[in-house]
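Two complexes, one shared chain (chain A), two partners (chain B, chain C).
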Partner chain A sequence: MEKIFKELCAILFTELKNDELLTLSFSGENSQFIRINSASIRQIGLVDDATLGLKFIANKRTCEGSITVSGNKDVDMARGIAEVKRMRLESKDILEDPFLVLPTNAGSSREIKNSSSLPFDNAVDALLPAMQGVDLVGIFANGRMYRGNANSLGQQHWFETESHCLDYSLVTKEHQMVKGTYANTDWDQGAYESYIAHSIEKLELMNHKPVRVDPGMYRTWFEAGAVADFLDMFSWNGISEASLQQGCSGFGKMRHSDHRLSPKFTFSEDFSSGLVPKFNSNGEVAPESLPLISSGKLTNTLVSSRTAEEYGAQTNYAENGEELRSPHMSPGDLRTEDILNKLDEGLYLSNIHYLNWSDNPGGRITGLTRYACFWVEQGQIVAPIETMRFDDTFYRFFGSELESVGSSAEVIPDVLTYGQRNLGAITCPGILTKEFQLTL
Partner chain B sequence: MINKDLNKYSDYFSVYTELRMQENRNNRISMVNGDVMGNSLSSSSGVSSRVYKEGNWGFASNPELSDTAVEYVVKSASDNVRFMNDRNKTQCGFVLPDTCGHYEMDLTTQVSQNSQKHWIDFLKDIDSYIQEKYSQLTSRTIVLAGLDMEKSLLTSSGSTSYSMTPRSIMYVSLSMEKNGEPVELMDVFGGLGQLEDHFLDPTQFYSDIDSLADHLSRKSDGVYADAGMKDVILDADLAGILAHEAIGHTTEADLVLGGSVAGEYMGRQISSELVTLIDYANSVDGKTCPVPVFIDDEGTPSEDTVIIKDGELKSFMHNKDSARHFETKPTGNARAYAFSDEPLIRMRNTAIKPGTNTLEEMISAIDDGYYLMKSSNGQADSTSEFMFGVPLGYEIKGGKLGNAIKDTTISGVAFDVLKTIDMISSDMTWGAGGMCGKKQWIPVGMGGPAIKCQVNIGGR
Partner chain C sequence: MRQLDLQSLLAAVDVPVDWVGIREVTETHSPRVVRDGVPQVNGCFTTQGLMVEVLTDGQFGYYGTPNMTDIGISDAAKKAYGQAKQAANHATYKFTDAARPANVGSYQSPFVKEIDTISPGELNKILLDAYTQLKVSNKIVSARALMQSIHTLSRFVSSNGSDITQDFLMMEFDLSATAADGANQQTRTFGGMRGTCRQMGMEFLDKWELLAIAQKIGEQAIELLDADECPTGEMDLVIASDQMMLQIHESVGHALEVDRILGDERNYAGWSFVNMDDFGKLQYGSKLMNITFDPTLSSEFASYGYDDGGLEATREYIIKNGVLLRGLGGMESQIRSGVPGVANFRASSWNRAPIDRMANINLEPGNSSFDEIIGSVENGVYMESNRSWSIDDYRNKFQFGCEYAKLIENGKMTKTLRNPNYRGISNPFWNSLKIVGDNDTFGIYGTPNCGKGEPNQVIRVGHASPVCMFENVQVFGGS
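Right after this comes the complex of A and B.
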């Protein structure tokens, strides 16, 4: 893939005339997808896919396009050149871009993560034994992913990684479920089997008759997967500087009224894990770590170069949409073995689902408890709870009501496959809150 | 343009095989406060094949449109299924239902296609109209988006299909400030067809924009809804999303197999007898639906799926595999978004069948309730539990419309809500831009008549 990208760069950059600038961004994958039903393989699929994005700047105008990269040099070259010609024509008569961000050459990078991955041919035999005897439904994605960026000023970045991810649910006869996501770069058969075994232990708890919990406030332990779902909401009308400037961010109270979250809450954009490239689709390289909320205080927002132009802010090379790419929440001091005792009585939520802002300026989020969510009494799990709707604000559960933060952070991978396999993960611990509001 | 006729590749097939060649083309221009913030054209094309034998499936895709790529994907998918058959012989003898159909549909516009400059000027005209007439607004966002989905299909059963299904939409979002808080409202225009078919002249949208601005102004002076269970009228937009998200998904056969609540309800009276809910394949009363599907991506001729008839749950939506499992006919609901996506069970155009009431009769039948007109973000679960945002609505007091209400939410269990329906309007309105996510995107039609029912409404 890297060779294909470099060849396309060489060809397309020579097509440019004076005062024309071109940025190319590349995204590709060689993936194996295995669908699993009832702990049996239902389908194996192989997907080879690559896309080249083109951003053409001339005459203070910007045009963008993208083409499928077929791997056939002649076909791809013809498609790319046709795109450049189209954009050249178009740039002559469209409106000027008032917040134009010109590319620069700030240095190149090449990062290739080689891992001892699971060969495609071995995947079925590696996956199936651990799940025998339970009803497991899921999808396993495996293989290499590629990202590249280059511009006509000579800057070039390449990122290549290999990973696997099994996103699954275990189901009881009564349709109670435990959800799990096992992901890594190196294949570790023992770690995989241990992870599945832990899910099966939870599934056994789901065989107890679910208890109905009344709407109200409860002490609540959120596992890391549930915390990751909350943090993910910050990418949507949250941490974006443009959203704040446009008055449609849940972080407005922190920016304008000096509201603070708990001193125990520290959150950053941190690329040190190497799960995602530091360069964005403009080829700009983000800092290794950017503190966003430090001990409860908003310290930075995500600022793209375009937002910086528009609102006179300082860019930190966020992606154009100013979404989180490699979020990291700092762990605290609550040890795993102490969680149930510290919770004593209340809710133990492994997963939350279908989150939505119910009051964005107030930071209020609604969603459902689902899958492995339990009622706890005297430090012991009693039974699963029936599905409940919650509605509460992060100013409480990450703020005034945050009692403890788990001592170990987990890596919760992004498992979305819309258009292509997503890169990246949220790294965070679980949290214990004094109160959390169930509404329905 | 992709090959319309794939018959020359049929020699590659040895067992049950689907071969699909596809190109998706997107056009998107966004304008914020008169400035062009995005201007892009993109395309994605390739070929994929899916092979079935003895209960196992193999799939492969490749981004090249060539004879070599076709041979490669058919061979790879066949190798994948052979690999599985060597290991899993428990499903020997499982045979898919055989379906065969032929259809060609090309909805490319019949007028000459316009340049990006033309469309940017089109948006600029609309933006200028809004800016001049509604200077109190704090923000104006207009987005024009087109998707051309072009597919060719050949199956080993002999089905052939070619379709060019375009959709074009324009979003207009307006914001103003009231007491320091932003107040927003959005509307969507367009539907089936290319940009040239829907957006001939910017002036034709001025009255829609006036209406949007009027609703926004009323909303900025609006009141909070009283929380609790209320008599409401859900207009087409909300009735459509309820039908799609909260009922439709629970009756997709793959989700039924995954434990959705509808699995227990087949043959039972699960709603008011007034309710007939249909996933329309391609037309209603002779009018083409927003997403017409004549042959699905498994080569099955599509037919309307009557999910609920007179209140009784009658059918799930099926692909070939689920039809085999449930020992019924496939309904033509297998659809894939991109060439590299396998077909999944997806809705097409899902709506409650119109009734006999007028909207005026329905409003006058409510003493204390709400007329809820638009939906925003929302979601539903396989239990049919749902929550939708409501960015536009009005009080109903004594059978008459009252104040606008501020943003609110509605929630509940959809099958319970259906039991409370006691009036359905006689008209039918489709939304312009329905898009559904289920590990892949897919354009869908959502809409219907207005329904009068009881629902839990959020308050302050």
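Right after this comes the complex of A and C.
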């Protein structure tokens, strides 16, 4: 893939005329997808895909485009050249862009991670024996992923990695579920079987008859997977500088009224894990770490270069959409073995589901409990709970009501595969809140 | 767009399988956005490739490839065969080629004007003019006009005789104005991306009085800043058709997708409160509830002639007089479940395998005029345009927020209300449906971004509905 990308770059950059600038971004994968239902194969297949994105700047205008990269040099060259010609014509017609983000050459990078992967032809035999005897449903995604960026000033970045991920649910006969995600770069059959066996043990807890809890306020422990879902909301009308400037951010109170979260809440964008490339679609390289909320105070927002141009801010090389790419919440001091005792009586929520802003300016988020969620009394798990809707604001559960933060941060991989397999993860601990509002 | 000689390529596939199919998809979408007087996006994004699918020993295997040469397709068929072969002894269900019915035909979406009848510069000017109308006051802190054309061409051929060509031209359009006064922020849109998404051409820009609509949106955003908070309590709720579409989508459409009921989606989108033995029996809603799967409604977003498994698409009643009759399941689900279904086995693109997806799911009109509906309400709220949505994995407990509402007092709409929300549980909620609006209240909408499936797929769906009144609904306001 890297060779194909470099060849396309060489050809397309020579197509440019005076004062024309071109940035090319590349995204590709060779993936296997195995869909599982009832521990058997529902669907199985392979996908090769590669997209070349083009950003053309001329005449104070910006045009964008993309083509599918077929792997046939002549075909791809013809598609790319045709796209450059289309954009050249269009740049003479559309409105002028006063906030152009011009490419620069700030240095190149190349990062290739090789792994001992699970061969596509052996995957079914490796996966299925460990899950026999239980109702397992989910998706196994496996293979290489590629990201690249280059511009006509000579800057080039390449990132290539290989990984697998079995994202699954185990289901009891009474429809109670346990969630699991086994993800890594090197395939380790023993570690995989051990992980599945541990999930099956957890499933035993779900065999108790579920109890119904009433709407109301509850002390609540959120496992890291649930906290990750809340943090994910910060990428959607959240910690983006453009969203704040355009009046559609839940962080308005923190910006305009110096409203603070709990001193126990510290949150950053941190690329040190190396799970995602540091370069964005403009080819700009983000700082290794960017503090966003420090001890409850909003210290930075995500600022793209375009937002910086438009609003006179300082860019921190965020992606154009100013979404989080490698979020990290700092752990606290509540040890895992103390969680149930500290909770004493209340809710133990392993996962939450289908979040949405119900009042964005107020920071209020609604969603539902899902998977292994329990009622706890006297520091002991009593039984799973029936599905409940919540509606509460992060100004409370990350703020005034945040009692403790777990001492160990977990890596929650991004398992989404819309269009292509996502890279990256959210790293965060669990949290204990004094109150959390269930509504239905 | 030029298409390949798929029949020749199909004939050249040399693998020992029971069935092989090739689906070619080329799609170009061209978004254009003007925000705050400045162009944000002028784009043209194209994807093209092939899905080669084979059936061997009762198991389908697939290979999605952008390599559209004879060698590429031959290699794809071999690899798909290898995948199917390794899974065949562990199949959830052993299929035959009956799961891919043979059909020959074509579909052309309706349009009058081609995309290139309006230049990129003219489109930028239209969007800039709309922005100018949206910004009715300095309290409008951000305003945006957006349009996107989508051209999709697909062709499906198979070894048992299918040869289907479908050509879709679609448009999406939205206007949005955000008003702010300190921390008080209110956004009003033209229904968001779900407001205008239809099969049509550039004639859309002639038919709508876009500038007048833009000004009204800007004015309503300002109006909401000083509006009362939506009251809290149990009351009658009148829902505009641009919100009804999402109510149908979340609490009817997804709940009736048969692959969900069969458990395929339990790890992602979820399960359903509906069971297989509910078909033909369950009183899903009141007797006024008539839901159709209608791929024939001209210009609706997900109209088509055939699904991606080759099944011919026909209009069917899913729910009639409130009783559940039929599931949203394509041939694979119909074979697995024995439940009658529809032609909705659909894929988001060439790089994904088809699964059960709702398409056009509509609530059929009733007999009441808008004035009669409002006049029937003593104490209630009227809500328009979705801004927040959430529902549980069984499609039971939902909560929706809307942009704009009116208080209804003694049969008349009075004050404007901000931050309106409501919540409920699907089955009792639909049984609380008391009035269904007539044809004059019927609106055609859809959504371009319905997510489901593993691997994940975003697909287009259509929903049309009249204005409806539900009684005793939990309504509430903002923080």
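The criterion applied here is as follows: the second predicted complex is superposed on the first by the 439 of 440 C-alpha atoms of A that agree within 3 Å, B and C clash if a C-alpha of one lies under 4 Å from a C-alpha of the other, contacts with A are read in each partner's own complex, and residues count from 1 in each chain.
Everything that follows uses one rule, which is that a contact is a pair of C-beta atoms (placed from the backbone, for glycine too) under 8 Å apart; a residue touches a chain by one contact, two chains touch by 3 or more.
All values reported here derive from a predicted model rather than from experimental measurement.
In this superposed model built on chain A, chain B and chain C take up the same space, so to speak, and clash.
When the two structures are aligned on the shared chain, A:T393 is found in touch with chain C, with no touch to chain B. Contacts of A:E90 after superposition: both chain B and chain C are touched.
Using the contact criterion defined above for the overlaid structures, shared-chain residue A:N316 touches neither chain B nor chain C, since it reaches no partner. Judged by the touch definition given at the top, the superposed model places A:Q155 against neither chain B nor chain C. Counted by residues of chain A touched, the larger count belongs to C, out of chain B and chain C.
Once chain A of one complex is fitted onto chain A of the other, the partner contacts of A:S268 are absent, as it touches neither chain B nor chain C. Once the two complexes are laid over each other on the shared chain, residue contacts for A:Q246 go to chain B and to chain C alike.
When the two complexes are overlaid on their common chain A, residue A:T68 makes contact with chain B and with chain C alike. Within chain A, the residues touched by chain B in the first complex and by chain C in the second are 33, 35, 37, 40-51, 62-72, 75, 86, 90, 93-95, 97-99, 121, 124, 137, 139, 169, 171, 175, 177, 246-248, 353-354, 356-358, 361, 366, 368, 370, 387, 389, 416-419, 440.
Considering their complex, residues 33, 35, 37, 40-51, 53, 62-72, 75, 86, 90, 93-95, 97-99, 121, 124, 137, 139, 169, 171, 175, 177, 246-248, 353-354, 356-358, 361, 366, 368, 370, 387, 389, 416-419, 440 of chain A touch chain B. The residues of chain A lying in touch with chain C in their complex are 31-35, 37-38, 40-51, 61-72, 75, 79, 83, 86-87, 90, 93-99, 120-125, 128, 137-139, 141, 167-169, 171, 175, 177, 179, 245-248, 252-253, 256-257, 310, 353-364, 366-368, 370, 387-389, 391, 393, 416-419, 421, 439-440. Partner chain A is touched in their complex by these residues of chain B: 35-46, 56-66, 69, 76-77, 80-81, 83-84, 87-88, 90, 115-117, 120, 124, 138-139, 175, 177, 181-182, 184, 257-259, 338, 340, 342, 377-381, 383, 385, 387, 389, 409, 411, 437, 439-441, 456, 458.
Those residues of chain C lying in contact with chain A across their complex are 34-36, 38-39, 41-49, 53, 59-69, 72, 79-80, 82-84, 86-87, 90-92, 119-121, 124-125, 128, 141-142, 178-180, 182-185, 187, 262-264, 266-268, 270-271, 349, 351-353, 355, 388-394, 396-397, 399, 401, 419, 421, 423, 425, 451, 454-458, 474, 478-479.
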